[in-house]
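Listed next: structures, encoded as structure tokens.
Consider the two complexes below, in which chain A is the common component and chain B and chain C are the respective partners.
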Partner chain A sequence: MALEFIAEIDANSVDTENLVFSAIPQTYESLRLMGVGNTDYAVAQSMGGTFSLQFNEETTDSKHGFMRIAADYYQILLNIEGTYSDNTAECGSMSGTTSESGYYPATYIVDIYNYKGVAATGSVQYFARSTTATAANQYSHNAYYAGTYGNGTTPITSLQLKSALGNWMRYSKFSLYGRD
Partner chain B sequence: MPLGAAKAALLGAAGSGGSDSAMEPIETSTSTAASLTFTSIPQTYKHLWFVWTIPGNASNWGNFYAWATTDPMAGDSRSQIFYQYNATRVKWSGGAQGTGYGLKMAYGDDNVGTATSQYHEFTWMYYSDVQGSGTTTRWPSAIGQGYGPNPGASNFYQYLTAWNEYGGAGTVMPITELTVKFGDGTALPSGTTRTLYGIN
Partner chain C sequence: MAATHELIEVVTASGGSTAYLEFTSIPQTFTNLEVVWSLKLDSFNPTVATQHQMYWRVNGSSTSSVYPNMYRGMFYGTQTALWKYDSSTNYEIQVGLASANTPNMNCGLLNIYDYTSTAGTGKSIQGMNSCMQYDANSYDRTLLITSGNLNIAEAVTSLKLSAYNDEVIADDSNIRLYGINRSA
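On to the complex of A and B.
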């Protein structure tokens, strides 16, 4: 399986709520998103921050859905059985600015399938992994996410990465790859 | 020549391996020593990806540890492991281990049978970035996952793990050296393979 670099985006010039990959090539079998990030929001504890995907930058279509299995600092979280008909698709968390005197980045790997709008393979799907470990572990998490977006036969040509609470802080950075 | 130095010499300043693939092997080791250090890691990639396979054996190996430069890790280094063995899900949170261990990265199956193997993979994102300060601080981090199945017996393991460093004396960005270790130092079986890749 070949892995080819497509593009990189970051919040290095200014903190921002949304980071966007556009003009995504339609020549791969699947996509892989890799990166680090944190929010400027004062997250209460544990998995208070939310990293979401918005396929084709759609924000009002209610076609996103996701589920989650995770561990936070205190416990093994129960399964989030599924949130459907939403405008975003959750795929990660982060520790925020009050996380024990430090800015601990969360680390993300997100694989995206069926993104070309091929009817035979159905809607776009993703599988994400998100982790952080902080000094006293009160903001730590390990999480798996699976989700979808009802794109039908519409290709995914852009992908919005949303920091749902506050902005991505300036070291946040993501790289997008295509896989044959 | 230390591990990693050979690849660095080949790549030179340009950092191009001449391939269209974004992923290139930096170094592969079949050493059976429990601990292995990659030194002189080229600074020409975006990410590091480490893959470790361990054939089955009757020995008791225990857990997986890693560190970037110092051992034990600085006081502000932490990991959290979400793992499942058989039908039970468990969370483990911790920090620096004793001298000679580094930071615990994973719970391995300590009773692996001879008919199976263990697999571990870790990714250090943007390892060659500078550290910065304040809200632009880029502390080092990694994400890992793996499994240790054991057909015909108990003790199936799988895990997802976080590795982060913050501010202590051992914190380093960029990462130029990585040590990985399994268990208590007991030699690993023949067939053990550890490969460090660079991802452009």
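On to the complex of A and C.
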């Protein structure tokens, strides 16, 4: 089997700002992260919530970067052509708690490449898709992200999933897979 | 056959003179194909977007009508540019490719659906790829979503990748072919 399940994490026991995959195996060539999630924060419309990655749980070394194309319920949003040298890299959004009554988790697929810190291939790269639709469409979005972390030749062994506004709501859940 | 996702083959550039990467004799035992790549050029540093393109051909066909395709995303894009390209006559499936002067490889994947079909239409393609440096607004900065169709009345038995102007592909670049079965 080429695409193998590695681990699952969730926020079922307690709401939390960060969910972490640790001890990521170094036996694959690429990874796929799939999940559903929402924040317990009352975010604004137009992609007010932010789902970010922090590779190797690094929060201070200013080596994350990302870019984005997206549309929300109302319009095509201005491209983010590149946010550089940051401590997080965005890969998704969410609807929060003020959307039309009900629970509307966003769905995420993030493909992660060259995560093992090999000099010839360069730093880790990712491509992410994030989407959700709420009942009256007021908090819907569809977005694509590309990003990186300047790990150089340091392997990626852990991955922190951050809800930048509020905590991951109960039932948020992510699974990590490896491709050989 | 149970639903599955299997590695079929890996092709890697080596020797400093790789002009193309190719899968030949693709097995006909799956429903879909998935190609995952990690690529950059060996010594060429493009300065315009079109020179970052790479070209995929199936079964050695260079017939333009075989490859209707389009992409959307940022490719040297500015904040206000919504880059969108489409063609029904090109024989390429465009993807971004890292320049020789970037430290990072361009990475992405391409899914080809129902590749064993011998009907003239119906072999759909979806792809996505990206490349960026964490600290620089570089030439290789790419975020693309591609789609296409293979209008060829043959099953896909080979898949060949080459760069703009047949520029040399850097050593350690690789394409990985997976077979996927949707049936339970």
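Throughout what follows, the second predicted complex is superposed on the first by the 179 of 180 C-alpha atoms of A that agree within 3 Å, B and C clash if a C-alpha of one lies under 4 Å from a C-alpha of the other, contacts with A are read in each partner's own complex, and residues count from 1 in each chain.
Note that contacts are C-beta pairs under 8 Å (C-beta built on N, C-alpha and C of every residue); 3 or more make two chains touch, one makes a residue touch a chain.
As the structure is a prediction and not an experimental result, all values here were calculated from the model.
Contact with chain C, but none with chain B, is seen for A:Ser30 once the two complexes are overlaid on the shared chain.
In the superposed model, A:Ser123 makes contact with chain C only, not with chain B. Once the two complexes are overlaid on the shared chain, A:Tyr144 sits against chain B and chain C alike. Once chain A of one complex is fitted onto chain A of the other, the partner contacts of A:Pro155 are absent, as it touches neither chain B nor chain C.
Using the contact criterion defined above for the overlaid structures, shared-chain residue A:Ile76 touches chain B and also reaches chain C.
According to the touch criterion, the shared surface of chain A, contacted by chain B in one complex and chain C in the other, consists of residues 2-3, 76, 129, 144.
Against chain B, the residues of chain A that register as touching in their complex are 2-5, 8, 12, 15, 34-36, 40, 70-73, 75-76, 97, 101-109, 129, 131-137, 140-144, 169-171, 173, 175, 177.
Interface of chain B with chain A (complex): residues 20-23, 46-47, 76, 78-82, 89-91, 93-95, 123, 125-126, 129, 132, 134-139, 141-143, 145, 160-164, 166-167, 199-200.
By the touch criterion stated above, chain A contacts chain C in their complex at residues 1-3, 29-30, 63-69, 76, 78-82, 84-85, 111, 113-114, 118, 120-123, 125-127, 129, 144-150, 179-180. In the complex of the two chains, the chain C residues touching chain A come out as 4-7, 36, 38, 40, 72-74, 77-82, 102-109, 128-137, 141-143, 145, 171-172, 176, 178.
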